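Labels A, B, C, D and E are assigned to the chains in the order they are written; within every chain, residues are numbered from 1.
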Amino acid sequence: ATLDDVRAKGFIQCGVTTGLAGFAAPNDKGVWEGFDVDICRAMSSAIFGDPDKVKYTPTTAKERFTALQSGEIDVLARNTTWTLSRDVNLGFEFVGVNYYDGQGFMVKKSLGVKSAKELDGARVCIQSGTTTELNLADYFAANGMKYDSVLFDTSDEVREAYIKDTCDVYTTDQSGLYSQRSVLADPENHVVLPEIISKEPLGPLVRHGDNAWGDIARWTLNALIIAEELGINSSNVDEMKSSKNPEIARLLGTSGDLGSQLGLGPEWAANAIKQVGNYGEIFEKHLGAGTPLNIARGLNQLWSKGGILYAPPAR
Amino acid sequence: MNNAAKASNKQDDIAIQLIGMHKWYGEFHVLRDINLTVNRGERIVVCGPSGSGKSTMIRCINRLEEHQQGQIIVDGIELTNDVKKIDEIRREVGMVFQHFNLFPHLTVLENCTLAPIWVRKTPKKEAEATAMQFLERVKIPEQAHKYPGQLSGGQQQRVAIARSLCMNPRIMLFDEPTSALDPEMISEVLDTMISLAEDGMTMICVTHEMGFAKTVADRVIFMDGGEIIEQAPPQEFFENPQSERTQLFLSQILHNA
Amino acid sequence: MNNAAKASNKQDDIAIQLIGMHKWYGEFHVLRDINLTVNRGERIVVCGPSGSGKSTMIRCINRLEEHQQGQIIVDGIELTNDVKKIDEIRREVGMVFQHFNLFPHLTVLENCTLAPIWVRKTPKKEAEATAMQFLERVKIPEQAHKYPGQLSGGQQQRVAIARSLCMNPRIMLFDEPTSALDPEMISEVLDTMISLAEDGMTMICVTHEMGFAKTVADRVIFMDGGEIIEQAPPQEFFENPQSERTQLFLSQILHNA
Amino acid sequence: MAIVKTERHPELPPPVSQTGVIGWLRQNLFSNWWNTILTLVSLYVVWEAMSALIGYTIINANFAGTTREDCTGTGACWVFIKARFGQNMYGFYPEAERWRINVGYVLGAVGLFLVLSDVIKDKKWPAVFLFVVYPILCYFLFYGGFGLPKVETSEWGGLFLTLVLASVSIFVALPLGIVLALGRRSDMPVVRMVCVGFIELIRGVPLITVLFMASVMLPLFLPEGMNFDKLIRALVGMSLFSAAYMAEVIRGGLQAIPKGQMEAAKSLGLGYWQAMGLIILPQALKISIPAIVNTFIGLFKDTTLVIIIGLLDLLSVIKSGTTDKNWLGLATEGYVFVAAVFWVFCFGMSRYSIWLENKLHTGHKR
Amino acid sequence: MAVDALGRQGGDKVSLWRDPKARAVFFQILVITLFLAFVFYVGNNTVENLEKRGIASGFGFLSEPAGFGIGIVLLLDYNAQTSTHGDVLLIGIINTVVVSLSGIVLATIFGFVFGVLRLSKNWIVNKIAAVYIEVMRNIPLLVQLLFWYFAVLSVLPTVRDSIKIGENVAINNRGIYFPSVIPEAGFMVIVVALVVAIAGAVFLTRWAHKRQDKTGQAFPVFWSCVGLIIGLPVLAALVTGMPFSFETPNLGRFNISGGWVLEPEFLALWLGLSIYTGAFIAEIVRGGINSVSHGQTEAAHSLGIRPGLTMRLVILPQALRVIVPPLTSQYLNLTKNSSLATAIGYADLTAIFAGTTLNQTGQAIEVIAITMAFYLGISLLISMFMNWYNRRIALVER
């Protein structure tokens, strides 16, 4: 099983993007960082008690599924939209949603476009091999508009083409648009249009069939969300261990055997939270107000605070 | 220049005239002060040690090489940079090379008709008839539709001669036509040349076949170090060479033979 | 098989025996019912028109070509598909080719020591000493450290002979050893071969050098169309050829010479 | 009757119009009006191109500084290359360990020099060093072991990775190519068919599909749990690819060896492998060296394709640099730099192969 | 071992191991066994892996709707909603073939021009050609493509600042725009005129050939044919009163719309491939011409044949024999290299079929197999052609 393989080789092989600021990108030292990366790091903490037992495989949108299918990577944490055919036909298992997104458009302010409905005849840059391609076709067809598409392998190339004005419109998930806008030289000259043309629940996925492994991924993600709900974060996790709240005690492994049910140690969630942070911390660290991306929590707020982030109970 | 004009030419009996001709390859002075007059119908054999400039001299005559000083007058036309004159002279002068240089992608017949058709604008039928005539003359009409690669060396050289003759040249130049041939083939080529000579063709022939020189040459020219050292009728040349270098040369080749 | 064993062999005086041997190239019947016995120490010259199968016959003897029918027995060993026997025979039989086939990337000395070292496992020193001995025998010890490309044709062929001798063969095969040579080099190679013959080496030699045949051959074999037409001692063969084809052949080559 | 010349004509220098600057100009540039026009037009083109090129790369370029703000000129901004030089050369290889790569370079350069140049006559020991000792040494030097800390291949990158890819592939492709070439010339139909099939299959498809297969599909073909490093898979893909091309080159060399060589070897009693190893292959390889070098040049250029499977070779490092927020808009500089680096290597190799060809040629003529 | 040679007919049974034939058979059986074992091993693993990972297999996906847009579609109608992955395959093949063919044409032109210039006696022209060849050959194609696309074409002005040539041709970083021709009633006349003109040209060529055979007079065939093929349709157009209109490219809100356009992706790939391959072809051409011995030129000259004719009648026919085989393999390389389109957004087979379709359907094995089979098929076709051609033109030898 995958868990045994992972234990045997001593690290998780984690599929990430080839570079999307805030979500997954190597820093100047070549260390991978980002929102998606932290999912893998949390899994590593849960399994090994060390967030750095991860090796990253940068994958293009095109390669990612083949890489996961073939066993090249153990888990794909790479802004991938959960769709039926991917779940069923491609033979994957989405373990949850770590980012609720929707496809949007970015254009230059100077074009004076206010709405996506005005984009008839535009030339659109897209990354190939994404749901974006499909949504785009649907949206334009539904609105009786025409477009010209230019496909690129990596988001860097798409951005490059957009900057060079090879195309008018940059479309991808809104998170991606914000991320990309943040690295432009002149972010203020570009607008992300208000329309969201699709549901894009992004989440980590694993191969279908190895449910134990899928469970670990699923519950690691859930643990991070539950931790935020319960107010557990990386700095107070040790104190919380002595908490009387049975929910907290179960999660942090001081009571019950959730860890061993997953085939992990009792401290699995505690380690993940301590070493990586809870969902809210991770979000703020990579995407929040303090970052160039400056994305509001929006849908990704906890259900209790007006968002739709809702983790099943850990018990 | 038509024949009538030629006839009125006062030097009508002179086919080729080299006057104080010099040639350099880069810094190397390869031909020095060459003076030579060849009369119409004369048969001249040129010999001399290797590297003495024999090939270079006859290649200058149809402008395969450029000379730098002095004059070359062929058939009354002086060789200059004028492309038209060069063309005219090349049509008058046929040349046969040591390595035949047949066109391997064309049949024997096509080799012979190529120049007449494209240069003289002869109709194909006519050109082929002429070609067959000359192929008969060199005794290989039956090979007309083969490719050069299918012929023996001697046959190839005879085709080369026929090819030149098809342009009706008034002068023929031969550059060691037999030296790339196996011994048994030499005689067939020499026979062809002798028959040409008997027909009164003006010929300059670089060769070391002394038998041929004795039989047909009007004059033998001996070159060394880029100069014409001695000219004489064959019997005089072979029996009584004047210059030391000629004597040395003759003693060598006669010894080898 | 040691010498003692060989001595006890009742056919010890027979070096090579071909019995009813046939060979085909594809559909083409190139050797037909060849029967030949060569005694130890005998010197045999094979001649015949081009394409008559002379080369093929001697190449069969050391299995460069495979025969399809009949037997070939060399030195008491029958040639079959057995690799070991083929190896054994090849060590006993030396061969000299028309085009020398020296190894151009090795020096003369290395050419000679290669097989002794790798096949006979002779120590290098020893092999070199032997090689120098044979190079002296063919009169070119001073060329030992040159490369074949630096030698003349005659010298190369003598190296090829020395190279074969270094394996101490009991039988030597020569396939037109002089026909790729310039005339002045032929005699030096023939001299070497004559001296070998005088030492009593068993030899089969394909050659058209009739002088050589007359001097050293014990028997001359004439082949045509894949068959042995006539065998006779040289004086008888040349003076009184029996078959018509032999007469025709002799008249041609004697005429050419 | 005989005309005899007794005095030797002195050797004269050629007329001035023939030699010196004027002669050269006349012959090479202005021999007729057509040539003169060509010359003038070409001179104009060269002038324009050179002034644009030199202006861009040198005169108007920025060399000093450390950030984007230092790029003030209208020409190239070489600051970009300079600032990321470490990454361009070594990828993410830890800075403290980069000396290991440099040591590897030096050793390799010494080994190559000894084998390729004419300084040492007996090439046996340098060759043993370069082809046996050096690769093993490099493995430990670059990857780790014997007290050196391990550096994962995912951290390898830049020019270093490019060189590793190229040299390992050629190192594997050569012997494999020889085997395939021998197989293709074998008398055994089955062996021949297998080799022909392999060679033609590989030569018929683009390298990127081979790389794609090696990088993402290979695990599908292997039993579960068996997995290789990504770099190794790229290396396998590239090696197999170049082996097929190499096989054809070597086959050409084998074909050029006259049949008589094999016959002579056999008649001396050498077996097939002895004859091949001692007689045929040394000659065949020698005459195919120029073609082998050309294959190597092709292979070297092809290493850039690993960008498609996400390895960080020189091109991809530079490319990711051009999309770095701090250095946006410097794609031209990046590509010009990569082009220049590759050009220097490839041109160097092609010169070497020409030099060798001439050397072998004269050697042959001797 | 005493051998009774005469008494024996067959010879004793050779031990199998020492019989080279037996060894060969054994070795071949070994090879084929290993090969089959390998195939079985890989196949088995694959099937097992596919099963375990729940990946569907089969080619059914080819008839499923694709659902995504494609930038460049030629010849076929493509609609993201209704077209299938099979259509995507077809479009990919067409786009690959289109860029390869146009690349081959342009590369051949570059190659022959620079190859001949490389032989020029004019020193400076010669050196310019040498620099072109040496620079282009020694830089990876991918770098060149990226350079053309990202560094050169994007330096062109934006749509609004297009460079205009005349009224109707615009050049900008989105491509080159031409007016397109919209046929109206009577347009067929022009088409017919074109067909007639081509037929006429063929006829004229034959006639000129015959006339030369008969009278020896050469006829300027090339120029008359060009004149005929251009002139006749133009004449037809004038006579019928221009039965067509132009659709001129117009600047819309975002883009220039209408007219015909050469996309920058296509341009970059086309130019990149042609310039790169052209450098190799130039060397081949030079080698081919050089391989014809100088004696051939001299012989032709001494027969009075002018240099131009010598080239045409004597040198080129011989040089072509040397040029064509390596030239064909360059064509092959160009076709295979067009797969690098994926790096610069041109919609070729590798980009859209082995890219997007593979990704949407996840059927890696089938998709890659089809892609490889396509390239392999082209390669085999071309090598078959090459062998046939080689056999046809081989010089006849004794």
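The criterion applied here is as follows: a residue touches a chain if its C-beta (ideal position, glycine included) is under 8 Å from a C-beta of that chain, and two chains touch if they have at least 3 such contacts.
All values reported here derive from a predicted model rather than from experimental measurement.
S.K.: If you take the chains that touch chain A and keep only those that also touch chain C, what is left?
M.R.: D, E
S.K.: Where centres are the averaged C-alpha coordinates, which chain has the largest centre distance to chain A?
M.R.: B
S.K.: Give the chain pair that accounts for the most C-beta pairs in contact.
M.R.: Most contacting pair of chains: D-E.
S.K.: For chain B superposed on chain C via Cα atoms, how large is the rotation, as a multiple of 5°?
M.R.: 170
S.K.: Identify the chain whose mean C-alpha position lies nearest to the mean of all protein C-alpha atoms shown.
M.R.: D
S.K.: For chain B and chain D, what's the span in angstrom between their mean Cα positions?
M.R.: 51
S.K.: Quick check: how many Å separate the C-alpha centres of chain B and chain C?
M.R.: Centre-to-centre distance between chain B and chain C: 47 Å.
S.K.: What is the distance in Å between the mean C-alpha positions of chain D and chain E?
M.R.: 25
S.K.: I'd like the Å distance between the centres of chain A and chain D, where a centre is the mean of that chain's Cα atoms.
M.R.: 42
S.K.: Would you give the residues of chain A that are in contact with at least 2 other chains, written as numbers and ranges?
M.R.: In chain A, 66, 69-71, 153, 157, 160 touch at least two other chains.
S.K.: List, in ascending order, every residue of chain D touching at least 2 other chains.
M.R.: Residues 212, 216-217, 219-220, 224, 308, 319, 322, 331 of chain D touch two or more partner chains.
S.K.: Got a list of which chains touch which?
M.R.: Every touching chain pair, ordered by label, is A-D, A-E, B-D, B-E, C-D, C-E, D-E.
S.K.: Which residues, counting only chain E, touch chain A once they are in their complex?
M.R.: 49, 52-56, 67-71, 80-81, 150, 154, 158-159, 173-174, 252-255, 257, 264-265, 342-343, 345, 347, 351-352, 355-356, 358-362, 364
S.K.: What part of chain C is in contact with chain D in the complex they form?
M.R.: 62, 64, 87, 90-91, 93-95, 97, 99, 101-105, 114-115, 118-119, 147, 149-150, 160, 163-164, 167
S.K.: Could you list, by residue number, the parts of chain C that touch chain E in their complex?
M.R.: Where chain C meets chain E, its residues are 1, 5, 8-11, 17, 19, 71, 73, 76-78, 80-85.
S.K.: Quick check: in the complex, which residue numbers of chain E touch chain B?
M.R.: 212-218, 293, 295-296, 298-306, 309, 313-314, 317-318, 321, 395-398
S.K.: Could you pull out which chain B residues touch chain D in their complex?
M.R.: Interface residues on chain B, with respect to chain D: 22, 24, 26-27, 29, 32-33, 68-69, 225-233, 236-237, 240, 242-243.
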